[in-house]
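In the two complexes that follow, subunit A is the common piece, with subunit B as its partner first and subunit C second.
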Partner chain A sequence: MTGTAALATGLEVKEKVSREDWIMRGVLLAIALFLSVSILLPLYSLMSKGFQDKDGNFTGFANFSEFFATPALTYSIFNSLTITLWTSGIVLVLAFTFAYGLTRSCMPFKSLFKGIALVPILMPSLLPAISLVYFFGKQGIISSWLFGYEIYGPIGIVMGEVIYVFPHALTIMLIAMAMSDARLYEASEALGASKIKTFFTVTLPGMRYGLVSAFFVTFTLVITDFGVPKVLGGKYNVLATDVYKQVVGRQDFEMGAVVSMVLLVPAVLAFFADRIVQRKQVAMVSTKAVPYVPQPSKGFDMAMLGFCSLLGFIILSILGMAFFASFAKFWPYNLTLGLNHYQFDLMDGGSWASYFNSIELATWTAIVGTVMIFVGAYLVEKSKGFRTGRAAMQFLCIMPMAVPGLVLGLAYIFFFNHPDNPLGFLYHTMPILVICTVTHFYTVSHLTAVTALKQMDPEFESVSASLKVPFYKTFRRVTVPVCVPAILDISMYLFVNAMTTVSAVVFLYSPDTTLASVAVLNMDDAGDTAPAAAMGMMIVFTAAGVRLLHAILTRGLARRTQAWRKR
Partner chain B sequence: MGDKSAYLIIENLTKKFGDFTALEDISLEVFEGEFVCFLGPSGCGKTTLLRAIAGLDIQTFGRIEQAGRDISRLPPSERDFGIVFQSYALFPNLTVDRNVAYGIENRKTPKPEINAKVAELLQLVGMPEQGDKYPAQLSGGQQQRVALARALATAPGLLLLDEPLSALDAKVRARLRREIKDLQLKLGVTTIMVTHDQEEALTMADRIVIINEGVIEQVGTPEDIYIRPASPFVADFVGTMNFLPGTAGTQGHVKLDGIELATNSSTNDVGPDEPITICIRPEDVVTRGVTKDTDNAVPAVVDALEFLGSFYRISLHTQGPARTGFRADFSINLMRDLDISEGRDVVVSFPADLIRVYGEAFTHSDETV
Partner chain C sequence: MFTKIFKSLTVAFVSALMVLGFGVNGAAAKTDLLVYTAIEADELAGFKKAFESDYPDVNIKWVRDSTGVVTSKLMAEKNNPKADIVWGLAATSLMMLGNEGYFQGYAPKGIKKLGKLYYDQTNNPPQWVGQRAWIASVCFNTVEGKKYNLPIPSTWADLTKAVYKGHVIMPNPNSSGTGFLDVSSWIQLMGEDKAWKYMDALHTNIARYTHSGSKPCKLAAKGEIPIGISFAYRAAKSKNAGAPLEIIAPSEGIGWDLESFAIVKNTKNLAAARKLADWSVSKKAMVIYNKSYAVVAMPGIAKPVKNFPPGILKKMIKNDFAWAAKNRIRILNKWRDKYDAKSEPKKK
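And now, the complex of A and B:
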């Protein structure tokens, strides 16, 4: 018989879908449904709002025409791009040099410097901005250093953003540098190339994807950040603060929708560009690279130590200033220390309740988010067949990254507050804050989970199927235990971000569910800068505590499981 | 195999990945208790066929029947097989005992019974007293034994092995080869092993299935495959073979560089003087006691000697106008007795029953003469 005969006689074989496959598909669909409700439909509501007037009539591009006819608003686009490009440029240089020092020099205290550099991750972006006010504001201790310029405006925003995004850019640079191949350096040295020539012919080209990726991440973070310009913007308007002002200040939801759609454009573009670059980078490292081991070189090592010390000092001063300001009784007149700024219940716009609400939100986000994201990633990676369903799910998992928090939050107002929405009961509750926060930080966690799952032998599932062990048992007995480090990473990431985030939740809290980060914003707005700093410090203390707990857990786990983990 | 019944029947199986056809119209029967090897170059579709049999990657067309049951559409969990992968795929966080027990623990077996069974299985694969270790604490060979014990624990009707020895070093590989074969004989479990290593297939298999580019080239016992390769591909892939350009002669004869050679291989389907390929294995070339008058005598000149340990591989060429190059394997004492060295004239003979003739001109892939 020939092949064509087989084709003629037999129809294509369709695999029987087993009970387990149905379970997998069911759970996958449930998570996909969650993401549809938590991002797809709200975004749709937002988009349609942009094309409606106040009474809900379709008006086409009328709102957009109005937007582009309002110079105050269009000017924000220009402002946003200006501060974003400045910040990206500065951060790339600083983070590259810092990462270069950490990986290519023999300077001492490397892990200490790395730890310090990551400190800003623990702060809401409002906090470095507040700290800058204490340095450079009207009553700041070194305001004269700005040569007559004001901290409120582009200079201040760029300074604040640089500190805010520095750890993110640094992390990407460190990964890119760790991946570069020592053999290239040896070859270059063997060919007699000078250090400078090696730098330009080997180091920089090898880093190009890392640099581009860091640029896009910085770009997105800055253009969508709302904390720093909120505190330091002054009369200098940017897109992110415009959204807030249109919605919270002027209650003009339609224009808010339009501005946030304008904000969505660069975020989405940067997102796709970054995905393309990431893919190329992965292709580049598929061959096994030999890690580079730096050789001591006194002058270079000292220079790097000097640079890293300076940056480390700046970051610590920012933190230290916020810390000090939160305890100083009456800046700048009475600098004795006390706890009066921590009596949040006496302030407008803040209370201890909001701190505990934040803890509650972070805890729920960490628990619900970790379970859902890890299970979702597992099913996307390991379920069989169901190609369209899985592709759709994959798209839904990646999508949140492209949506700025402010846009997400505003979209939630339109979607959940709509009178016809049966889910409207969620509006102004803790669950909606949890849903929003889980969604907002879904993608990074998802990618962490996927990376961990991909490192497992793909045949574990085949083996357990052959042994007639249902997949959920293998998931519980093998997949989860092996992935515990990644699971801890994800839950910590979610917790810390839920503590520090402002952008999405600022539209969604109610008097019963005020949050610490929002309290920082509101107290600062009301002129209570010191209490704002104090609340910011509470967030830092909490996030640092969680990080510490995470480190202890991870280390303890590593000790307990070292018998079976590959060294 | 007339006394045994077909345990596994594969009918017209085709597997496509998009537009690419990885397997085309595969039909095959495997008998109860048999040890079958799928042998072929890397990328020819061996693993794809094994995974179709397991239900891990279901075929696009075709039927599979196991023990009289049509399993074509069934997911792996509803089929009856144990599987071992090249990567071992042992659960890293479970001890050897728990790995082996993984499949039986799920079956509501009482605990003491499970433990006894696990101990017995570990004994069987030659790893007693190692049950408390984790996979990472074992060598590759030991891990593969554990994987084998785990696959056998549920007493499957069919054992599937995908290159189980390829990740191991040569010594361990040779030992495990023998042990797996002994174990299979002892348990009588029908076994299919995928390998790209001809030596492995020749020493272990009852029957070998040679696959090339998604198509079965030949199915036969190791002797069949080696002595009577059905196609130039098989002849080339298994063992070493001289491929010599020649022409067809009278019935039962071929011509090599002007010399007429008798052959038992069929030459019916080619007309006289049409080009053909004459094949002879280097070890089948005879020279001791050969004179110009011996049957199938070929006068030749020695070009080069290559010492390969237990024998020499000699490059020669015929003395006719074509100066056709070929290789011969001569033992060390033969070399000494006949004093063979570079540049010497020798007369060799290609025994008529060991010559294979293929109707097409063929250039073989590696190792040109």
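And now, the complex of A and C:
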């Protein structure tokens, strides 16, 4: 507590800090402490290597000058930015239109389309890339559609990344769009504004924050992703694959740390941009808000239906192709379909154990992560005063996204396995996997929560404060129920990602905590595509099952908590 | 201060657990042996079963990953090693870790029966002992070859011919041990100058470099590329699965590395680790190694393995591991500066 006191003394002159504020700051500090241990310190123990030589002697910026003197390495910066900007541009347009169709039109099958759009999240990240090879590779069924260009290179990377990040961008956009005030639209209509004018003066400004966070999520996810460039990169080097080469190929942790720091730059920029936009954000859902209800309009609804169907079809074909290929006997020379690829003996090699370990990991990640992330986002957004502390916290929350999983995993070894670390007992256990996974996927969940919270009028808090209702009661009775859809989305997101993630945990699992996603990787490595596909299927089925449960829960809970959205 | 209290509390807690654990299980408890390995996942169960039937008091616990990931993991754990023994990892990786003082020497019972090439000759007792050789090979897809009218290559030199332009894939030595094995063998075969000239010529024919060593052959098997430079085990495995492959061991000579083991310096389970070491050089183990690899460390054991290129033993170069380990970073940097820089998307 002493730390909070020291930080808060400066503010006390201006504003009286109540007991409630102390509780809020205490909880905020606890979460900040967690993030310090789970991201800041491990990262420090790895990054400090960037300033050392192999024997741990301090060398200043020597490694950096070596990096900038090596064209093979610096050229990747340009490549990374190119594919990232292309992907972000494409994804933003697609996700915006898709979300627009889902929330602002009266097209049929909305929930079906939402389900389909989120399918890529259910797949282990390698799957879309592999599918693209089956479509556009040399043996691909429609390889001629690339007009003579190869899939292996920037084109392939952008295609793979678009599929990979689309659901992430869509989730944020949907939440941003779901919260809207119909009175603004009514006013706009009453003032005689055209549809297009309303779009640019009401819809887009209201979406600003969602658009910006969707952009930064896409940007950072793509620039740090290494799965897609690994399969489809060809000769096209990007920063993320360079980290892999340094760390896994050459065991050159020092240069790996330098490249990772170069990768961190966009995250820092994202943080400041986010601050600037956030300052201008006005609450969309005021206490008097009336939810927007779309009115049927035949032409518009049909156009939206057409667009969503096309995108849905593409996503389903990607999934379908992966499944088909796993049924074919030997792609592409023997396409006899058969279940013999599926006579897998999952018992062999303890794969069932890995599967249940994965479920355990996913469950813990969802529970611990959702509570911590939502409470953290709430405190960052709604607590009063304590500016510096909150800004620091915001930064801590955004940082994990900028760290490639590979770097996070290694950093955990350096930090948690250090002989002097009192937390060393966590190494090689399930909790360390949970901590790592929660941290790895912290940012997107945090942004989802923030987007939802931002659209709630601060008057809710002011009113309850003036009625002498403690903040935790307002939190429990108003904030949480209003944000139920976002909370469920977060837990779903964490669960599914914990099931499919590989890059960080591959460095941290022990023989007692092997994971299904790692098993997929290993079996595929061994050339056993069949059991690998089967285990991949188990992951997809489980994730889909949870997704279904999520849908039912959302519907049930929404009926109870979201009735206010309807008139 | 706080850390100290925390630390002693943890120690107390852990020791209490250990006392309890030992109290319950008594002396008959099995020793858990933490083994870090890069051997293919599908072989692990067989090795574990065979070893534990001979030594029922030891329970192997695998941590299995690709060569690069295991080596990085070990290197990162350097200050506080977790593994008891590293088993089935490339000798070059073990030598690199050995230079950091990672291992302790031990001469397993019966090591004299192994070929001298196949275990550590610089330290006595040896720090690493080889199990079986992992050999470079070229995979040639006959169906795709016919499509493009490509003759079957038989030498490394053949691969630089103009007909093969854009039809060859090899692993990037900066991310794959197999890639480095190729480059290092070319330099040892041809000498530095000629080898780099050879690679310049080869580079113009290469469609792209992959991150993993098994990938080129997997790609050739799927017809994504006619020719993949990879290793024999993967090649044979793909061919057995039904891929239309011709497996070639180029006549100039081929690079190789050894799957080897080494005992970690401060292991708490030294007795059990030595049991595994002893077992690993036994004839029984060699016969199991031979199931999927054609060259094993004990001479006179190996029988030909289905679909391995014939005469592979004679084509293996005299591999100087110490030289390769010493020059590795220099070669990798030069390779990177020459071939890994700026590249544009290519028209097919």
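As a convention for this text, the second predicted complex is superposed on the first by the 305 of 567 C-alpha atoms of A that agree within 3 Å, B and C clash if a C-alpha of one lies under 4 Å from a C-alpha of the other, contacts with A are read in each partner's own complex, and residues count from 1 in each chain.
The working rule: a contact is a pair of C-beta atoms (placed from the backbone, for glycine too) under 8 Å apart; a residue touches a chain by one contact, two chains touch by 3 or more.
As the structure is a computational prediction, the values presented were derived from the model and not from experiment.
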Comparison of subunit B and subunit C by subunit A residues contacted:
C
Identify the partner contact of A:S18: answer first if only subunit B is touched, second if only subunit C is, both if each is, neither if none is.
first
Kindly classify A:G299 by the partners it touches after superposition: subunit B alone (first), subunit C alone (second), both, or neither?
neither
Just to be sure I read the superposition right, which of the two partners does A:D457 touch: subunit B = first, subunit C = second, or both, or neither?
first
Touched partner set for A:F425, first subunit B, second subunit C, both or neither:
second
Just to be sure I read the superposition right, which of the two partners does A:A465 touch: subunit B = first, subunit C = second, or both, or neither?
first
Output check: A:G192 vs subunit B and subunit C. Expected answer is one of first, second, both, neither. What do you get?
neither
Subunit A residues contacting subunit B in one complex and subunit C in the other none
Can you list the residues on subunit A that touch subunit C in the complex?
70-72, 75, 133, 137-139, 148-150, 152-155, 230, 234-237, 241, 244-245, 247-253, 329-334, 348-349, 410, 413-414, 417-420, 422, 424-425, 427-428, 506-507, 509-512, 519, 522-523, 525-528
Subunit B - residues contacting subunit A, complex
12-14, 21, 24-25, 27, 54-56, 58-63, 72-79, 81-83, 85, 87, 89, 91-94, 102-103, 106-107, 134-137, 150-151, 153-154, 156
For subunit A, which residues count as touching subunit B in their complex?
1-3, 5-7, 9-18, 20-21, 384, 457, 459-460, 462-470, 473, 477-478, 481-482, 561, 563-566
Using the touch definition from the top, list the residues of subunit C that touch subunit A in their complex.
3, 6-7, 10, 13-14, 34, 40-42, 44-45, 61-66, 68-69, 71-73, 75-77, 79-80, 82, 96, 143-144, 172-176, 207-209, 211-212, 214, 218, 222-225, 234, 237-238, 241-244, 329, 332, 336-337, 340-343, 345-348
